[in-house]
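Input: one structure, supplied below.
Letters A, B, C and D mark the chains in the order given here, with residues in each chain numbered from 1 onward.
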Amino acid sequence: MKLLVLSIFFSVSICASTVEAQKENPVVKYHATLETVKYVYGVAPSVARLGPDDILETNTLDAFGDAIQKPSDTLALVKGDNPLTGPFFIEGAEPGDAIAVEFLNLEVNSSQGVGAFAPGFGALNSTDYTPMIQPALPERIWLYPIHSGDNTATFQAHDSNFSVKIPLHPFLGCIGVAPANGEARSSVVPAEFGGNMDASESSVGNTLLLPVNVPGALLYMGDGHAAMGDGEIAGTAIEVPLRVRLRVRVIKGQRIEWPRFENQNEIMAVGIYRPLDDCLRIAFTQLIQWIHQDYGLSELDAYELLSKVATVHLAEMVDPNYVVIAKVDKKYLPPRKASH
Amino acid sequence: MKLLVLSIFFSVSICASTVEAQKENPVVKYHATLETVKYVYGVAPSVARLGPDDILETNTLDAFGDAIQKPSDTLALVKGDNPLTGPFFIEGAEPGDAIAVEFLNLEVNSSQGVGAFAPGFGALNSTDYTPMIQPALPERIWLYPIHSGDNTATFQAHDSNFSVKIPLHPFLGCIGVAPANGEARSSVVPAEFGGNMDASESSVGNTLLLPVNVPGALLYMGDGHAAMGDGEIAGTAIEVPLRVRLRVRVIKGQRIEWPRFENQNEIMAVGIYRPLDDCLRIAFTQLIQWIHQDYGLSELDAYELLSKVATVHLAEMVDPNYVVIAKVDKKYLPPRKASH
Amino acid sequence: MKLLVLSIFFSVSICASTVEAQKENPVVKYHATLETVKYVYGVAPSVARLGPDDILETNTLDAFGDAIQKPSDTLALVKGDNPLTGPFFIEGAEPGDAIAVEFLNLEVNSSQGVGAFAPGFGALNSTDYTPMIQPALPERIWLYPIHSGDNTATFQAHDSNFSVKIPLHPFLGCIGVAPANGEARSSVVPAEFGGNMDASESSVGNTLLLPVNVPGALLYMGDGHAAMGDGEIAGTAIEVPLRVRLRVRVIKGQRIEWPRFENQNEIMAVGIYRPLDDCLRIAFTQLIQWIHQDYGLSELDAYELLSKVATVHLAEMVDPNYVVIAKVDKKYLPPRKASH
Amino acid sequence: MKLLVLSIFFSVSICASTVEAQKENPVVKYHATLETVKYVYGVAPSVARLGPDDILETNTLDAFGDAIQKPSDTLALVKGDNPLTGPFFIEGAEPGDAIAVEFLNLEVNSSQGVGAFAPGFGALNSTDYTPMIQPALPERIWLYPIHSGDNTATFQAHDSNFSVKIPLHPFLGCIGVAPANGEARSSVVPAEFGGNMDASESSVGNTLLLPVNVPGALLYMGDGHAAMGDGEIAGTAIEVPLRVRLRVRVIKGQRIEWPRFENQNEIMAVGIYRPLDDCLRIAFTQLIQWIHQDYGLSELDAYELLSKVATVHLAEMVDPNYVVIAKVDKKYLPPRKASH
């Protein structure tokens, strides 16, 4: 009974969350610094607790711990990649539940962003996991002035006199929970627990579902991006610190194996690993299972239908694991069943 | 000199092609039947010759040779997959040139389309090249009534009482030329010569560039799709015969290694092979080279910029080779140089 | 100076270790039980400390925690996969060092071994990371009587009247240390820290080098195999508890990025991840670097030479990460330099 | 009836072929030159016909058409890669049959071999199909003096004063037939029809089974190797012209989907494509099917048994498709059924 109510509330909330209910909600504020960030998703003392109606207001450092500030700065200044704000203890979350993170507001918290090419990182050059013996490309840093007026960042070429404005689409490159089975994973890695998914879907208007593996889920976030291309092929987005406003709900008893996104129009299943072929297989088998369980189509009907109407978003192919998101517009699906 | 003129003409034509010039152009008509189709991209006697101003009006059979017509029909009726209309000899095309195919009009030439699940074909089940020893899924055929009034096809679930309309987006799943180095390739395979790319970009509003490997290029086409999801994961789109209207121009001296698409807003490089990781690498190294040569950015600046603004379209992961298309909006690029 | 001495000692010890020195060495005995095993490679209180001359005598449970004992037993009885004996604190080991594990004796500690096919595990069927939507294969368990007389295990077919003897080659499927960067990893996963490598090279006559990431290295072991085919394709070897006798030396200041094996005749570099293509790239770039640093060939000469004389052992393609070992016979290399 | 006889004869012949029967057999001699070689596996006029008892004596040019003769020679001198001797029309071979090629004698036909590093080819550097944007490695050529006295070739390092002898193991890097479905494939590509498999198993003592796709099979061979490391990682073996002596038998009605090898001790199934993961899946599903059909084990028993006793040979990971060979010793199998 309770399950049913929560489930309906969840479905509704996705559409209505940005409007008005927040005013009444208590706000939990937490300020992260280079001294308090973490570099691992795992079990650690929580920095704050979030109740079911709480709104979290916090901040994230950029992927370099805000270490790159001027053209002469180098990656040697960076103390650790992807410093994480958290963990936040989600009240009521128990293993076997899912949590739903609603992104209420994400704002770039700097007047410039950073792009960097680091030898050993990128889709078109040697990496630790696809090593080659050719000479490495040199390190390079691009700074992107942020213009709040027209909501853009500016790319300025190094080797020619060209600049262009890029519209901002702020999102959290890293968001995840403590992993299952007692594992602790680097903030550079995405996996079943979320993490460094570099998914532009982690942004306002979308809800992210994550599995709960430990009491309180232990939510971490970081690696803000002002804008990113599909695949993040050179290894970075426009890296920025963010001001973050979000809300987390617990969905009791909803066991999910991989992260999921949802918005007013779409359901989206995330596949994470390598090669991309297997990411795609994970994402689509999860999406078919989701459709089968929540919308009632047979697996083979869902397979056939997705072959005609699905969309695929390649989030990134540069982290130790890659991320592919398989999506379908809800308008192509039967009505959702009352409970999931 | 001549090169320069052709090149400008080409750039302009992409934007203006659908408007009025066609009326004056001579029309070459060719009608394909099950008796005249081919099943291999290679050197064969041409069925017609196309001059630089000619417009081709022809037709393609569906991927099953139009063999599936009613619910009780099975894939055993199919004589050969992806029957191809052609080859068309493109006058003036020599090895080392490229041809630019403008899709002027593509119309579904049937009152129904076909979707089929064939054991051994699909992204989420055993195939010839990713074989598993689990029991196979059974063959299944879905028929999709086509509604010309609202320009949709209807999916009707097999295992439940659900149907939904899908908007039509007709395109040629197969389009390619005779391969290089004396090879001849099956109509099921996409590769450097194009072929079974299953790219929804092979549609009105886009221009496709293909390398020329033999005199006359020898253009083939087939496998019309009324609509398709990214990845074509169950192995088929809504398969239909098409009425085709297109024009082909020769770009002298433009050596390209892989197919490319272009429209008013975007340039798009195609990567074809497996795994998807390598498709992506091919597509993006080609796109970087294209930007470097035609738009003047350094390779490293292009790499960085694409990491912020590129988009990726996964066309299919079900044919013997997979297809990924890397794209960038021209608004993010410097002005194009006068010649390529 | 000290470095030099240690290094020579290490080289010598590989050849001479099995002969006589052990008698004088102190023996550290530790008995592992289902109550004391671990399921994660990470930082945990050590169960014993090993000095530079100590010999460890211990035991490992089989991959199923010794839960499968008779034909009617099922995998539902298994409490956790790959229970690990340890961790052992290696005295003097500091981050930036390597440890060298010499396998002195490994004996099957049971009168039967277990082979199991578990749905979701295997190279030729759906898994969590290469999921398919076909029906799963059923769970199956094969018991292998062990014959100490002729040192064999017997395969008995389920579906026909056929049995055959298989020679024993006991090795530790799991052996690894606490990972770097604060990570903790499941006993099912192999990675840079070693772990579930399923490498038959973890056996008497070989020495395994592992990187040290935390003080004391924290060595774990388990998952004994009585015999295994290349690739371990159905997901299990002949799984057995083992009696283990080994010695661990610290190689100060030898920073290695991936595990390495060495014996009297060969040096062997391990590559771990997926797909196999990348395993191979890791293994061979590591082997080239090893040859370059310790034997003085240029990288390009080493690349060329390995293309003529290297051997490759595919250890397994069934764990979450795959394992490939690239080897070269020392007879093809210049004399080793005095220090590493 | 006839089938049975042929089958037994074939089984026997594998063991006894090198002894004496050849003397009575008619010998077909054919001398290949740079003028008569082919660069494509496909349908072409045969250069000779081989009857069931004929022994073919012929020769192959090296992978560079014998163009590299002295240290100052460069790859620019090469007219085409992997020139092929043939095709030979195998009398009685019809689509649906297999042919069995017995390698009777292979001799290096030169006083030196060639190793070359060509930018764009190799497992640890950018290639056409795994492109990177890093600077390329330079072209390099190593010459290997052949010593018939001790049956070795000598590697001489470029960048240091080191040389070492490598034992000869001559084999045909290329051997294949006209492909199915009207395809014609480059001599650089291995696939279902065999081709550039770079399998050291194509050597004396082994028999190669190839599918027959066109009347007469049309057998081609070339790309002799004096010795090669597993994976052929830098892109070449010790490349040599060969003197070839072999015999071909037709196995009527034996439909095989991929090449197979067999010798006195082992049956071996070849998997060809990319990534290696899929090569392995192809090789092992074929080997399981072979065991099931010819030796009577159930598929699941064969899967389990191979997980304990199979061996894997990675032939190459540098050609456009990769090659993995899965093997099992016949001593682990039930008696072979009388007919296959």
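As a convention for this text, a contact is a pair of C-beta atoms (placed from the backbone, for glycine too) under 8 Å apart; a residue touches a chain by one contact, two chains touch by 3 or more.
If you're wondering where the values come from, they're calculated on a predicted model, not measured in any experiment.
Is the number of contacting C-beta pairs greater for A-D or for A-B?
If we tally the contacting C-beta pairs, A-B comes out ahead.
Please identify the chain with the largest separation between its CA centroid and the CA centroid of chain A.
Greatest centre separation from chain A goes to chain D.
If you average the Cα atoms of chain A and of chain C to get two centres, how far apart are those centres in Å?
35
Rounded to a whole Å, what is the gap between the Cα centroids of chain A and chain B?
33
Between chain A and chain D, tell me the centre distance in angstrom, where each centre is the average of that chain's C-alpha atoms.
The answer is 49 Å.
On chain A, where are the residues touching two or more other chains?
124, 131-133, 137, 274-275, 281, 285, 288, 300, 303
In their complex, what parts of chain C are in touch with chain D?
Within the complex, chain C contacts chain D at residues 115, 117, 122-124, 137, 140, 142, 155, 157-160, 162, 164, 166, 227-238, 274-277, 280-281, 284-285, 288, 296-298, 300-301, 303-312, 314, 317, 322, 324, 326, 331-334.
Where on chain B does chain D make contact in their complex?
Residues 39-40, 42, 128-133, 181-186, 257, 273-275, 278, 281-282, 285, 288, 299-300, 303 of chain B touch chain D in their complex.
Name, in rising order, each residue of chain C that touches chain B in their complex.
For chain C paired with chain B, touching residues are 124-126, 131-137, 275.
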